[in-house]
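Each chain carries a letter (A, B, C and D) given by its place in the written order, and its residues are counted from 1.
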Amino acid sequence: MTEKPVIDAAKAAAMVKPGDVVHIGGFLGCGSPDSIIAELVKLGTNKLTLVCNDTAVLDEKNNRITGVAPLIKARAFNRVIVSHIGTNPETQRQMNEGETEVTLVPQGTLAERIRAAGAGLGGILTPTGVGTEVELGKQKIVVGDRIYLLEEALPGDVALIKAKKADKAGNLVFSKTARNFNPLMAMACKLVIVEVEELVEIGSIDPDMVHCPCIFVDYIVMSKAQGGKK
Amino acid sequence: MTEKPVIDAAKAAAMVKPGDVVHIGGFLGCGSPDSIIAELVKLGTNKLTLVCNDTAVLDEKNNRITGVAPLIKARAFNRVIVSHIGTNPETQRQMNEGETEVTLVPQGTLAERIRAAGAGLGGILTPTGVGTEVELGKQKIVVGDRIYLLEEALPGDVALIKAKKADKAGNLVFSKTARNFNPLMAMACKLVIVEVEELVEIGSIDPDMVHCPCIFVDYIVMSKAQGGKK
Amino acid sequence: MIEYKENKEIIAKRIAKIFKSGEVVNLGIGLPTLVANHVPHDVSIILQSENGLIGLGPAPAPGKEDKDLTNAGAAPVTILPGGAFFDSAMSFAIIRGGHVDYTVLGVLEVDQEGNLANYKIPGKMVPGMGGAMDLTTGSRVVIAATTHLEKNGSSKLKRRCSLPLTAAHEVNYVVTDVGFFEIAGGRFHLREYFAPYSIEWILEHTDADIVVDENCKEIKL
Amino acid sequence: MIEYKENKEIIAKRIAKIFKSGEVVNLGIGLPTLVANHVPHDVSIILQSENGLIGLGPAPAPGKEDKDLTNAGAAPVTILPGGAFFDSAMSFAIIRGGHVDYTVLGVLEVDQEGNLANYKIPGKMVPGMGGAMDLTTGSRVVIAATTHLEKNGSSKLKRRCSLPLTAAHEVNYVVTDVGFFEIAGGRFHLREYFAPYSIEWILEHTDADIVVDENCKEIKL
């Protein structure tokens, strides 16, 4: 099995180009690639489109800033596609003042749209959102006796994801609820960079226990965040 | 966590009623619930619809009969929805003589249709089958610059599946390529019966390493096949 | 004369009595989270958390928090023996696929048609729907948990929601701090009222059409 | 005069030279399986098997077979270090999602439009498509592997397939035991011919429109 290049977070961040659609893993900051995010903030890359579960937590009074929140603050995105912005008042402000275009997508629909992109599907039919603003502009399709919305696949240019452990081939194992959108995003993007806490030899992960097969992964970054070890 | 009833294979087989749509795990017999299948053959239940990857191997000359092949031989099904029948000449005969209605579905489409049923999706848009007989009678939908077929969810009444190991709550771990359609079928059916080789205490499976969460499973059967151990 | 006093514990207590052992329940952030504290000891429900687990346990002891183990509100949690972790696609396959028996949500408004609004006040506050739209669409039973009145005294139960909907025609039960309502046929059906409130008080303080169930009874919680 | 003699090893040998290290390849049952034996030792490709693994290894030693570890033809196989198992939905997400670089398939017919037929002879034999439709639709490059002529001497390469199609306009390369063809613009483009055959022999024995590439050359395999 071919080894994947191990690069530093700064080099990973430099691979993200203005205009890119960037999928970033994490759920309110749990399972986010924090080292790469920090370098991307430093670099000041902007005009990105964010695909993420949420815009994480920005609570400066309590010094609580998680996940993609520093990128929101740095105005890295002119478009944001997420399910939730309630814990980041800066996203709310940018939206209200017309600086950033925010599209809210139901969380399960977001997960399926990302998965569909990775799985080569054009989209999926979901009952979620029927009868709400979410249905606006979408095709409705009846299957059996139920109405569904056609929700299209949501591919990305770059996935920045976080795993607990990788082997040198890029097989990934996630930890607990830090898994969330990470393996789906690895499937859906052209370039996939994973930040890991632990890097092990090829053959040391049980092939029945791989959460994300190596073929989805392009580059590996060692996490500088707390708990990161080589 | 509530324990799931452990029943014998005969009782499991008796839960399958004429007219049921039955999803049966396995890929050419690898990962099939052989003990339950044997009891279902004994019981002589018929008029079933089979959803399975294939109709397994029926090679009586070489005494090689795997997976669902004994049920095909026993004429348990009047309808069969599979991707492949090439290794079971009896399916071919029943089809040619009009005894059994055989619907061939591309394997990836079959997997997604089963998953969609379990995931509450009405269906998925796949490029597979465009320009072939598979597209007949199906809606075509253009997304971006590509044509997709709308393939509808394929739910079942009963799933008969096979796992390597269950804990008493019904969390499942599969072994190697015996995983195949089993976890998908557990999601897609009203009644889910799993045949296992090994039953362990609740708490002895790492929650990061559960392939199929217990909430999908209704009953557990201990495998009588070779390698089965309590 | 009865004076209304907000009482979230009463709501949580009543909802906690609904579940049977083995049922799968998703509790929303805020008020619904309180429900977990009131489930009877002889009832073992399975809590699902949409960020990726079943078998949600209580909060960890101080110092025992795990950065990789949180609930959908980013609070540190634990997992019970027999629980399992999964990715977001599987989490919502469970939810949308009808494998969650009950979802309990907070609301901004809920109406007699079973509509629910809780994700957006246009021009003012837009937290987003998160998983709420999938949860209301997919769960077998949707329970709205809400104080009966706003701070200003107006009714949270409406004839028709005025805010953008989270769910259209999906709510089954509404449990407030004054009573238990079932939604059917475009009406709230009052099944229980909680002491010290009376049927009359409820009819007077609810801005919606209420049918008093023939078996409607007073409950002390 | 050159006499045609079926030679499957030549086909496998030529196809095996196409891949680069790290590329993901799915080999169909039958002739394509032979390709694995001819991949150069300094090239490390990743074999995907649609029944649920990447990192397919060689056949196990006799007595070392594992009932739970087979390929898509139900033959016992092994897995290499760094391989992984997954369910059928993930397996076809990999395939349909464009994560497989090459798929190599046997054919009943292949035509100059890139159509391929291999799953059904109406009224005679209907094995079914298995994973072939997804593999041809999803893989980056589709390689048809076939002897050049039928037993009866007729051409397997056609102007237009007459059998029900497995894939419409999906085939990129056709490798036979006489040459290497690329399909483009509704024509077979002959890029290599294998000794002892000649361009003339190929043009004479192929029932389709062939453009001889300007760099077309003889190859000894």
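One rule holds in what follows: contacts are C-beta pairs under 8 Å (C-beta built on N, C-alpha and C of every residue); 3 or more make two chains touch, one makes a residue touch a chain.
Just so you know, these numbers come straight off a predicted model, no measurement behind them.
Participant: Indicate the lowest number of steps between chain C and chain D, counting one step per move to a touching chain.
Facilitator: The distance in steps between these two chains is 2.
Participant: From the centre of chain C, which chain's CA centre is farthest?
Facilitator: Between chain C and every other chain, the largest centroid distance is to D.
Participant: Looking at chain pairs A-D and A-C, which one is connected by more C-beta pairs in contact?
Facilitator: If we tally the C-beta pairs in contact for A-D and A-C, the bigger total goes to A-C.
Participant: Roughly how far is chain B from chain C, going centre to centre by Cα mean, in whole Å?
Facilitator: Whole-Å distance between the two chain centres: 36.
Participant: If you average the Cα atoms of chain B and of chain D to get two centres, how far apart are those centres in Å?
Facilitator: 29
Participant: List, in ascending order, every residue of chain C touching at least 2 other chains.
Facilitator: Residues 53, 79, 85-86, 89, 92, 95-96, 137-138 of chain C touch two or more partner chains.
Participant: Where does chain B touch two or more other chains at once, residue-wise?
Facilitator: Residue numbers touching two or more other chains: 112, 115, 119-121, 126-127, 174-176, 179, 207-208, 211.
Participant: So which chains end up touching which?
Facilitator: The set of touching chain pairs is A-B, A-C, A-D, B-C, B-D.
Participant: Spell out the residues on chain D that touch chain A in their complex, using ranges where they run on.
Facilitator: Contacts found on chain D: 21-22, 24, 44, 46, 48, 53-55, 79-86, 89-90, 92-99, 137-138.
Participant: Mind listing the chain B positions that touch chain C in their complex?
Facilitator: Touch list, chain B to chain C: 1-2, 115, 117-121, 167, 169, 171, 187, 202-203, 207-208, 210, 213-216.
Participant: Can you list the chain B residues touching chain D in their complex?
Facilitator: Chain B residues touching chain D: 27-31, 53-54, 57, 66, 82-87, 92, 95-96, 102, 104, 106-112, 114-115, 126-134, 164, 174-184, 211, 226-227.
Participant: Please give the residue numbers of chain B that touch chain A in the complex, ascending.
Facilitator: Its residues touching chain A are 112, 116, 119-127, 139, 141, 143-144, 146, 148, 150, 152-153, 173-176, 179, 207-209, 211.
Participant: Report the residues of chain C in contact with chain A in the complex, numbered from low to high.
Facilitator: The touching residues are 49-53, 66-74, 79, 85-89, 91-92, 95-96, 115, 119-120, 123, 125-134, 137-138, 164-169.
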